[in-house]
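Quick one: the structure is below, questions incoming.
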Amino acid sequence: MPPIPEWLRLRRDKSVQPEDASLWQKCPRCNEMLYRKDVAANQWVCTRCGYHFRMHAYDRINALVDGDFVEIGTEILPGDPLAWTDKRPYPAKLEADREKSKLTEAVVTGFATLDGFPVALGVMDFNFRGGTMGTVVGERIANLLEEARRRRLPCIIFTASGGARMEEGMLALMQMAKTTQAVERFMENGNPFITVLTDPTTGGVSASFAFQADIIIAEAKAAIGFAGRRVIEQTIRQKLPENFQTAEFLLEKGHIDMVVERHDLRATLVRMLDYAVDRRRLTPALKAVPEFALQ
Amino acid sequence: MNVIVEREKSLVELEARLAQLRERDTASGELRALETKVEELRRDMFGRLSAWERVNMARHPKRPLASDYLAALDAFDELHGDRHFRDDPALAGGFAKLRGRRVMVLAQQKGSDTKENVRRNFGMVSPEGYRKAKRLMELASRLRLPIVSFVDTSGADPGIGSEERAQSEAIASCLLALTRAEVPIVATIVGEGGSGGALAIALADHVIMAENAVYSVASPEGCAAILWGDAARAPEAAERLRLTSADLNTFGIVDEIVAEPLGGAHRNGPAFVQKMLDAVDGALSRLDGLSGETLREARYMKYRRIGAWRDETGERAVALP
Amino acid sequence: MPPIPEWLRLRRDKSVQPEDASLWQKCPRCNEMLYRKDVAANQWVCTRCGYHFRMHAYDRINALVDGDFVEIGTEILPGDPLAWTDKRPYPAKLEADREKSKLTEAVVTGFATLDGFPVALGVMDFNFRGGTMGTVVGERIANLLEEARRRRLPCIIFTASGGARMEEGMLALMQMAKTTQAVERFMENGNPFITVLTDPTTGGVSASFAFQADIIIAEAKAAIGFAGRRVIEQTIRQKLPENFQTAEFLLEKGHIDMVVERHDLRATLVRMLDYAVDRRRLTPALKAVPEFALQ
Amino acid sequence: MNVIVEREKSLVELEARLAQLRERDTASGELRALETKVEELRRDMFGRLSAWERVNMARHPKRPLASDYLAALDAFDELHGDRHFRDDPALAGGFAKLRGRRVMVLAQQKGSDTKENVRRNFGMVSPEGYRKAKRLMELASRLRLPIVSFVDTSGADPGIGSEERAQSEAIASCLLALTRAEVPIVATIVGEGGSGGALAIALADHVIMAENAVYSVASPEGCAAILWGDAARAPEAAERLRLTSADLNTFGIVDEIVAEPLGGAHRNGPAFVQKMLDAVDGALSRLDGLSGETLREARYMKYRRIGAWRDETGERAVALP
């Protein structure tokens, strides 16, 4: 087996406990006080009512992949091109989010196998700047798609985003164009692009790669839309119905392929790969050794 | 309340006086003195505009609208509908001749009066409008017609119906269609460029911006509301958002700026419209004859480069242009 | 100029007067008694209220083309594959329609120039079996598109049809597939396909080439839809609004590019050709000699 | 009233008797005599069916439905929605495994009870259903998955909403998508094949028809209403329309017929479903490995040839196959 290239750094079963982690967590739906470890062990699904808590990117990755996750893109870090300050300077906000989330930015990208299928995997995280897309998110997503294309791997991206990142102004908006172009080029080689929309997916992420995928899966109860709920309510000057912009609402309206409970996600993704990926392309050797490791 | 309109009011009296004098006399000392004064005032008022002033310039009620650009083309024949659900009057599209050149035009249309504005939803495009745009982008690519867009919208329509009919998907599909187009694409930001709703028709080989147009990731009001819970702090937000043509040119997002007359494009609308069309024509001339493949590759690289980030050593790895 | 090939027969200014032509014609909208010659001279538009009478294919061609119309496809004539009889045998119906309409089938196809633009032109006629599409219509339309493709000409088709022709059963339905494939192949070479939907355009024609065009123009007030008005009323058990399935209704609903009055049709089509056809492809010689005549 | 169902009622008593006898005795003379009699009756009743009887067979309430075929696949994962407006339950589509083969499946779904039928609009597909189908055809072509369709519909939905949302365009776009698909397409007519609404998912490289399915340019009732103003003459119209599998095989419209057990597919639904899936698998095996170009060319020629017309000498120029 050839050595893993220099620029690929290995992370094995990285599990994250936020600093402010307390022992107990209250479920916002059923109000049950839950033992935090139990919830974590249950993929952050309420053990009583099935409520889906937002999930940390690494927790998600751990729950999905067979073994190793080879992360790429960590050398791409946010700048401060607008020298932005509001209540605090942008760099200070970034630093705080890094501390809080243990993430270097709002998306984690890399390679892994799912039930033996090598995939390029991107997971956004709402804990970092509300999952907003600035240059780094655009850059890492575009890189991921480009590397997936080069290695002829399917690509799966979990979205969670409040939209474009205001603190990077129009440079953030342009990431919609950058990621779109990467998606389009990726699609040329006949491998599937799958997105999993998690709570919440809105704005610039929703209006670019999230809705450009071949297969669009939404996690149960996730809020998904273009405009935020508040903006719409201000525009129409009335309350929106409860189910508006939920995954289930979108399924009925034909926007997405399916709604899946978190516990079924891995199995569903593996089935999708099994349908959409031509296994004959993988030589016996590559089945044992993840293709991405061969460069 | 538009700060530019307010400011213009203070000039009205002086200008009336000037017109009166000019009628009686063409070379008196009083006339020349007044002319100089007005000119100086104008320079003071409009010579160096803040970001917020430009936002107001972009929203000026007399600013040339997309309809003015369409009317100034050699010819324009509108093509309607998304073929599925509705024709969206907020986005006009169709065949046009521009300086003798056959092109496909897309334009976000604000109205020039209230009635027209209601009909055109204040230029806020619905999914049907973006799907019409996508259809016309694909048609242009098939017929090998360059695509020219005129952007002027506060943003994509944020209504219930638009969400129900998948606004995100509609914008995302426009972006894909522009990525795929095998023909030159020239976008012009002529008024307000509101976020993803603007970009949906502005992913282009060459982006031209009117000097006082604005193009922003979020409206200054929306940004201020989010940051400080106070939309009144919009002027401050406008400054921070770096939404002016000069800023965006620095960032490599805008390729060319068309200068406006002192006081704004509406001071001489027809001339400014022609100047903008000249710029479009010039850009198309430069893109003429390039293959679809070449165009797509250059477009890819153009957007691939936009952004600013650091590597782990703390230095900027991808520099601003 | 090379000789016109054997299989092309020339028709020059062929004008048709149906046998039952009387001197006067009543306008169904304004009830005016119109002098038939005046109406004919006015492209079968009521001289008083602008009502559009249905128009004979040859009258339409005469009103459109610069000079000659080179008809093709007249050797393709209807058979009777189902040995169909209802009140009368199918061949007798065909014979009666031939007499009445002076047409060999429900579509006339050929080549002409419009303001100098050489085009392939097909015109359907409701006078022949209600413009229904049987094998011959499918065959002639497919031929027209194939010949237009071979000669790199734009193609314009005027539709008027009650749908698929029942008397040819499933062979008629299959013409939807045949014409679709011809449209798709035609589109490969970058010339525009334009349809003009005239009153009425429904069923199998509507659901195939009529709505597959690059540019879809509808003649003012034309009835256009998939299901017939009567079928829908029977299904929903109520009267439909007056404007339902009109050209104007469809424009609002986004189905078509534009609605054009008959008197403006020629000018509109010429403008469309001027936008959509690359004149540089036509050499100076070809501008004088219609390209189609060169084979 | 279904003529086949009525006829079956007359057998019920005899069959009950037979079951009774079988319980008591497995080889008595009486049993054998009754068995022979039932068998003869069955042969009399179902041995040679008229076109109208087959129409009733195709509409038999116990006939296997698309859902039965989907359930019999190795695996099926439904993909929903047209991405724009609605998910249409009248047309199911998605990934499937068929005899181990990865395919994209499209199926018109009648319900098996009233509630299900209302939800699925009696298998009458709306524009959204056809647009979902088109999307999945394009996805299949991109991922190089063969397309397999199960046709069972009285026709495309003829409602107000469907007209408002461009039913014609939706069907026409499906036909274009199937024309463009660079993968094998196998269509099966398993029940009713109602006109353009059926063809929209049945333009295929290989068309398989259940023996007693029907596939018609118009419903017999509709045809009778048009011709004689009397829907009651539907049996006569059915005869004339040549809508049976044998007729359509002669015309070159159907490539393969799957024989049904005496009395119809519902006499042994599960076995018949398997037989149909075997036929699909066989067809896919034969199409396997052909290039997109080869498939498209053969598809073109296949439909190019269908039809019958004469030349001017009165002789048939394009013969039936």
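We just call them A, B, C and D in the order they show up, numbering each chain from 1.
Keep in mind that, in the parts below, a contact is a pair of C-beta atoms (placed from the backbone, for glycine too) under 8 Å apart; a residue touches a chain by one contact, two chains touch by 3 or more.
Model, not experiment: these values are computed from the prediction.
Peer 1: Work out the mean Cα position per chain and let me know which chain is farthest from chain A.
Peer 2: Between chain A and every other chain, the largest centroid distance is to C.
Peer 1: Taking contacts as defined above, which has more of them, A-B or A-D?
Peer 2: Answer by contact count: A-B.
Peer 1: In angstrom, rounded to a whole number, how far apart do the mean CA points of chain A and chain B lie?
Peer 2: Chain centres of chain A and chain B, defined by C-alpha means, are spaced 33 Å apart.
Peer 1: If you average the Cα atoms of chain B and of chain D to get two centres, how far apart are those centres in Å?
Peer 2: Computed from C-alpha means, the inter-chain centre distance equals 54 Å.
Peer 1: Hey, how far is the Cα centre of chain A from the one of chain D, in Å?
Peer 2: 42
Peer 1: Can you tell me which residues of chain B touch two or more of the remaining chains?
Peer 2: Correct list: 83-85, 165-166, 169.
Peer 1: Residues of chain A that contact two or more other chains, please.
Peer 2: 211, 253-255
Peer 1: I'd like to see which chains touch which, written out pair by pair.
Peer 2: Result of the pairwise touch check is A-B, A-D, B-C, B-D, C-D.
Peer 1: Touching chain B in the complex: which residues of chain D?
Peer 2: 83-85, 127, 131, 165-166, 169-170
Peer 1: Which chain A residues qualify as touching chain B in the complex?
Peer 2: 74-79, 81-82, 84-87, 134-136, 138-139, 142, 164-166, 168-178, 180-181, 183-185, 203-204, 206-212, 224-227, 231-232, 235-236, 240, 244-245, 250, 253-255
Peer 1: Using the touch definition from the top, list the residues of chain D that touch chain A in their complex.
Peer 2: Interface residues on chain D, with respect to chain A: 75, 77-88, 95-97, 102, 128, 132, 139, 142-145.
Peer 1: In their complex, what parts of chain D are in touch with chain C?
Peer 2: So the residues of chain D touching chain C come out as 156, 158-160, 162-169, 171-173, 175-176, 179-180, 195-196, 199-200, 203, 215-218, 222-223, 226-228, 240-243, 247-248, 251, 253, 299-300, 303-304, 306-312, 316-318, 320.
Peer 1: Would you mind writing out the residues of chain C in touch with chain B in their complex?
Peer 2: Interface residues on the chain C side: 187, 190, 192, 211, 214-215, 251-258, 268, 271-272, 274-276, 278.
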